[in-house]
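I have a structure I would like to understand better, so I am pasting it below and will then ask my questions one at a time.
Every chain is named by a letter (A, B, C, D and E) in the order it is written, and numbering of its residues begins at 1.
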Amino acid sequence: MQALYAQLLVGLINGSFYALLSLGLAVIFGMLNIINFAHGALYMMGAFVAYFLLNLGGINYWWALLIAPVIVGIFGMILERTMLQWLAGLDHLYGLLLTFGIALIVQGVFQNYFGSSGLPYSIPDQLKGGVNLGFMFLPVYRGWVVIFSLVVCLATWFLIEKTQLGAYLRAATENPTLVRAFGINVPRMITLTYGLGVGLAALAGVLSAPINQVRPLMGADLIIVVFAVVVIGGMGSIMGSIITGFALGVIEGLTKYFYPEASNTVVFVLMVVVLLVKPTGLTGRAA
Amino acid sequence: DDKTVKIGVLSDQSGLYADLAGPGSTLAAQMAIEDSGLKAKGWTIDLISGDHQNKPDIGTTIARQWFDVDKVDTIVDVPNSGVALAVNNVVKEKNGVYINSGAATSDLTNAQCTPNTVHWTYDTYMLAHATGQALVKAGGDTWFFLTADYAFGAALERDTTAVITANGGKVVGGVKHPLNTADFSSFLLQAQASKAKIIGLANAGGDTTNSIKQAAEFGIVKGGQKLAALLLFLTDVKAIGLETAQGLNFTETFYWDLNDKTRAFSKRFSEKMKSGAPPTMVQAGVYAGLLHYFKALEALGGNPHDGAKVVAKMKTIPTDDPLFGKGEVEANGRVTHDAYLFEVKKPSESKGPWDFYKLVGTVPGNQAFTPLDKSTCSLLKK
Amino acid sequence: MADEFILETSGLTKEFAGFFAVRDVALKVRRGSIHALIGPNGAGKTTCFNLLTKFLKPTGGQIRYKGQDITAMPPADVARLGLVRSFQISAVFPHMTALENVRVALQRQHGSSFDFWRSKTVLDRFNPRAHELLNDVGLSEFANTPAVEMPYGRKRALEIATTLALDPEMMLLDEPMAGMGHEDIDKIAALIKRISAKYTILMVEHNLSVVANLSDIITVLTRGQVLAEGNYADLSKDERVKEAYLGAGHG
Amino acid sequence: MAEAKLAERPVAAAGAEVLTVNDLQAWYGESHILHGINFNVKAGEVVTLLGRNGAGKTTTLKSIMGVIGKRTGSIRFDNKEIIRATSDRIARLGIAFCPEERGIFASLDVRENLLLPPVVRPGGLPLDQIFTLFPNLKERLNSQGTKLSGGEQQMLAIARILRTGARFLMLDEPTEGLAPVIIQQIGHTIARLKSEGFTILLVEQNFRFASTVADRYYIVEHGKVIDGFANSELSANMDKLHTYLGV
Amino acid sequence: MSALTDDTLPMTPRAMRDEMIVFAVMAALLAVVPFTGIYPFFVMQALCFALLACAFNLLIGYGGLLSFGHAMFLGTAGYVSAHALKVWGLPPELGIVAGTAAAALLGLVTGFISIRRQGIYFSMITLALSQLLYFIYLQAPFTHGEDGIQGIPQGHLFGIFDLSKPTVLYYVVLVGFLAGFLLIYRTINSPFGEVLKSIRENEPRAISLGYKTDQYKMLAYILSGTLAGFAGSLKVFVAQNASLTDVHWSMSGEIVLMTLVGGLGTIFGPVVGAFVIIAMQQYLAGFGQWVTVIQGVIFVACVLLFRRGLVGELAHLLRRSL
């Protein structure tokens, strides 16, 4: 029983990465109608930027949490301005392929310069160590990850679903021309949104740097699972992807305990089941 | 006689194994050609390299094309078991020479052995035996396995378990995790709960590095348990960092800082590497394998362009090279040489950027690898 | 024919999360008539259509078509029984030519077309009939024009031609004149009049002169319920209809 | 209250040209649609563009709004050249557009749809007046935008631009799909807006309706303005109208 | 999928005569390959992928369904054929039949699950299904996990044609490819193809005309899967191995890439695309680490600069359907 609590908690921690990443994807899909395959690569960049900040600039983890998402976000906005912008109104397929290409380029370049086995990044001193919860030893850093990502997720949700800015964003997704004709600078808004989504990915990257190896392919391995989370939650649904992210972490954690061999597969089984029952995901609107 | 030779280095140039093989293997092959001294004796030796991208069909297509079009005699390196086995068949079909250094699968010298294949450096059997035996003898008699859930992991776990029990140890539990798992905390919690003295990592690459890193986070080593990585390369240790990797036990058959000869070679090698890295055991294996191959050619007095014949010759000459020392190519194609159990140094003990290992023990070649009577190679059943 | 009503509903109801878009509607459409469904915006006309053609599932009530209960039948089957609809927003196959648009419908008429091993030249036998239909709606010159490139009014006409190709017994037309210029309205009205000799037509239309000229009988819906039924002359004197729909200027 | 606020605002002197379109040409991709449109709208007027299906009326409105990819010629609004301006800037100058296809947003509920267009200047219609005009909307406030009936969507499309305070409204077939009662109401609304100093450019198929609100007409055919006359000259021009439009 | 059709598909009515001429030229060119000194194994491999891409194109270009899991057909047929040949010792023709039938069956099962999903959800559910299969194949004993099935005997087709002779094998693969290609071509230009097209254009309207669109999409899906499986079975004879790469999602991505590079919804595009990509993999191998970067650049360039694909752009220039 105690072991089960531990697994639940650990699942929640993983879930917070899923939630952050799928949230970024959902924001981008919801607002730009782009399936951002580059998300994994940008997540990886977040971790690398944190590494550089520390090792080249002597800038610590806390500042990296702030600076890395901004740097990667700006990189994302440049991508949007120079490339993604031209895909507005086209089929999803093109956005997917373009971002897939971008992912290959980014990953390839990083692999060239930093090899494939990666670089070390250690846990900030303030968050080292752990607490004994009785049923498990909880590293402080993991606790921090859960709380911090929860806060970020909810703030993002509020921004998009509950503010006028969010209404603009949602409307612009459907009919950017018309929204622009109402007097809103849609292209700039879209660029910023992409920056936001990308920044979220980078933030997840920084968060994960102390836990996972900082490797060029760290995102590539994750991205398919995160896609599954977004689809299960309902493409483009903000709350859907947050909840599904956390829930999936927990379900995966339980699978790791009861039937570990299936823990990578369970996501896809769930996705098939969910789509069979609810064709547009748990909370999604029609594609 | 014909004194032209063409060698193809088939490796993973861009993926997971690019650091431990890849461009470094090509460099090692070049150095082997230079060091063989054959050029001065009137031989022409050409080298080409290719990227199999970890895809068996790309690997076989390149191999086949090399034999058919480029008239390659010998293929070396080939990390990634799947590709290695696929190429194995092509080499046999084309009667070339295959000196594999990069792949872990023991099948190359067992079920799938061919008269054209020589397997240098390491294999799963050796890794399991060397590590398992040494650690149990050192008192690590209860084990818990984190096993990558596919053939490679299963083979490692199976072989190690056999050694552990044979030496009086016990496996108290284990968990199979899927390939390319990002998060190991669940599994580590289970390992922690098992109270086993040794946590055996029967996995590879990113799975191994991430489990080591996260084990440190969960205070596993601090809590008194020891980690034993069954397959770990120098580049992995570099990637994890000493801070996290310290105290880790594992087996390799080569380390740059073993003796004067290895140091001399490594110095020359790392000067030519873009990254300045010393050779890994796979790259060292490419070098040593080729040196031995050249010896056989020289003994034959020319290149017969008949792979089986050359490999047969290689089997008759004992191996002896600056990197792996003395050993032999057995009838099944397995090369035996000493294996070393290492422990990762503490950061305070490390004196240079690549000064990572402490030698803990040596397993002689004839004990480290599959004994011939246990090999299932069909070449042996005559 | 035994029954004089081709389509009958009883107690037809559709509820959207507590909001009754259609409530307890009993509609009887006489065979061979042009029956108009009018009513203020949001009265539930389109919802009614969607229920009749099975694009929506009724919350309650029954639909009988040619004496058969079709309440639980999937949409494609209903179409096969000869009950075919047009859409409020024009529905064509944009990158197919007008001829191909019509031909796809004719093809359906003659079997299921799962024959992927045959050449599509077998479809050429439908060409004469397709041209005839295009001619009927005045689209001869557009036969080889992709539908996207056609003006709006022509698309509506094409949609009607496609519907006619199915040789339906009953057609449901949702605002066939919406967005059309006067000329086109007259053309389509004449067309509807002409085809009504063969088919039963149920239509929704806000253009009163069209309703007045074409329809044999009119049902007025408000707030999902039937308010009145009768011919135009009677209804335009009905105070309730005036207030709910026609407004001050009429009658 | 709203009236009071409106009265304070400086209204362009009646008679001054607010919009002048000169030799406007426009393209959809490769196809050349407008071939030189010329007309003007004076402050406080209701001007209606008439013409057959496909004549280029909608394209003209879209060109003014700046949502057509390629356009040349001159469009002056409030003495500013806007032929090259982006549509968001044009909107900020005080032009509001109600498109033919309504453009209701499915992912927004009715309230959000209504509140979506930002207020570009003070003086728009307050919500309670909008609800008196269109009672249906008030009832369905929490529905998803596109779940409204066709006519309700049309009402919503008109309602939302009345809020923005733009003084120049372009309505593309605002009566399409509306019940006669509602059409009458819209007629009254337009009349009231006009009396409050709004300027309105209308595109209509429903000539009968147009004739109740318009001050002047322009006839568009094949991407050109081929004729124009005032409402007072209407009876004299009925014959011409008949040939142009088949009315 | 509306924007897809708007931008990329040729609007001109198909000219079957042009297409037949191009087909004849293509067949003739391919038939003389063994006499040119071009390495036949390269061409054979490309042919297998070309057929695969054509099968995929049937589904997306003409059915409007983007499958992101087509690798599962390739891989399944490959494994089944390989197993049949190696373990059961079946003759080549039966091995091919077994593999193709397995793909057809897989099409039936996965189609049943996925076909009712729309747009991106369809893509994602096919991706999920293929991932499931990937994990199953990773663990199933008969696939030998990451080692794959190796050293598959080629045997004699119909007891006559010795497939271990490269030239014989080449013509067998070529005939297989041409047959598959013609079947796809015929399907596109059949009454069934017309209905499919109308569904892609406007599904609600097709339903209202009385078509049970799910059944048409299902048939297209199964056909596409079966042909992809056929390609997978042929490939077993060329590569002589069956491995996890063929079921990995990146293979599905590659199929999309080939089709896109050549031209989505064009008849010959996938063929050209497959040759280009395979050639790239072969010849870029020399660039070592830069391969992925170059591939990425090609993706990006394709999407940004010639979205219609090579053949699509050509067709657009010539105002022909190709």
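One rule holds for everything that comes next: a residue touches a chain if its C-beta (ideal position, glycine included) is under 8 Å from a C-beta of that chain, and two chains touch if they have at least 3 such contacts.
All values derive from a computational prediction rather than experimental measurement.
Engineer: Among all the other chains, which ones are in touch with both chain A and chain C?
Structural biologist: Correct list: D, E.
Engineer: Tell me which of A-D and A-B has more C-beta pairs in contact.
Structural biologist: Counting C-beta pairs in contact for A-D and A-B gives the edge to A-B.
Engineer: Centroid of chain C to centroid of chain E, CA atoms only: how many Å?
Structural biologist: Centres of chain C and chain E (C-alpha means) sit 42 Å apart.
Engineer: Could you state the distance in Å from the CA-based centre of chain C to that of chain D?
Structural biologist: 31
Engineer: Could you state the distance in Å from the CA-based centre of chain B to that of chain D?
Structural biologist: 76
Engineer: How many angstrom lie between the centres of chain B and chain E, each centre taken as the mean Cα position?
Structural biologist: The mean C-alpha positions of chain B and chain E differ by 37 Å.
Engineer: What are the residue numbers in chain E that touch two or more other chains?
Structural biologist: 135, 139, 289-292
Engineer: Among the residues of chain D, pick out those that touch two or more other chains and give their numbers.
Structural biologist: Correct list: empty.
Engineer: Any chance you could list the residues of chain B touching two or more other chains?
Structural biologist: Touching at least two other chains: 14, 18, 149, 178-179.
Engineer: Would you please name all pairs of chains that touch?
Structural biologist: Result for touching pairs of chains: A-B, A-D, A-E, B-E, C-D, C-E.
Engineer: For chain B, which residues are in contact with chain E within the complex?
Structural biologist: 13-14, 18, 22-23, 49-51, 53-58, 60-62, 64-65, 68-69, 81-82, 85-86, 88-90, 105, 107, 112, 149-152, 178-179
Engineer: Residue numbers of chain A touching chain D in their complex, please.
Structural biologist: Checking each residue of chain A against chain D gives 164, 167-168, 170-171, 173-175, 177-186, 285.
Engineer: Which residues of chain E touch chain C in the complex?
Structural biologist: Spelled out, the residues of chain E in touch with chain C are 5, 9, 11, 13, 183, 186-187, 189-195, 197-198, 201-202, 204-213, 215-216, 219, 223.
Engineer: Going by the contact rule set out above, which residues of chain C touch chain E in the complex?
Structural biologist: Per the stated touch rule, the residues are 53, 55, 74-77, 79-80, 84-85, 87, 91-97, 100-101, 103-105, 107-108, 113-120, 122-123, 144, 146, 162, 166.
Engineer: Which of the residues in chain C come into contact with chain D in the complex?
Structural biologist: Touching chain D: residues 16, 19, 38-47, 88, 151-154, 175, 178-184, 186, 206, 208, 244-250 of chain C.
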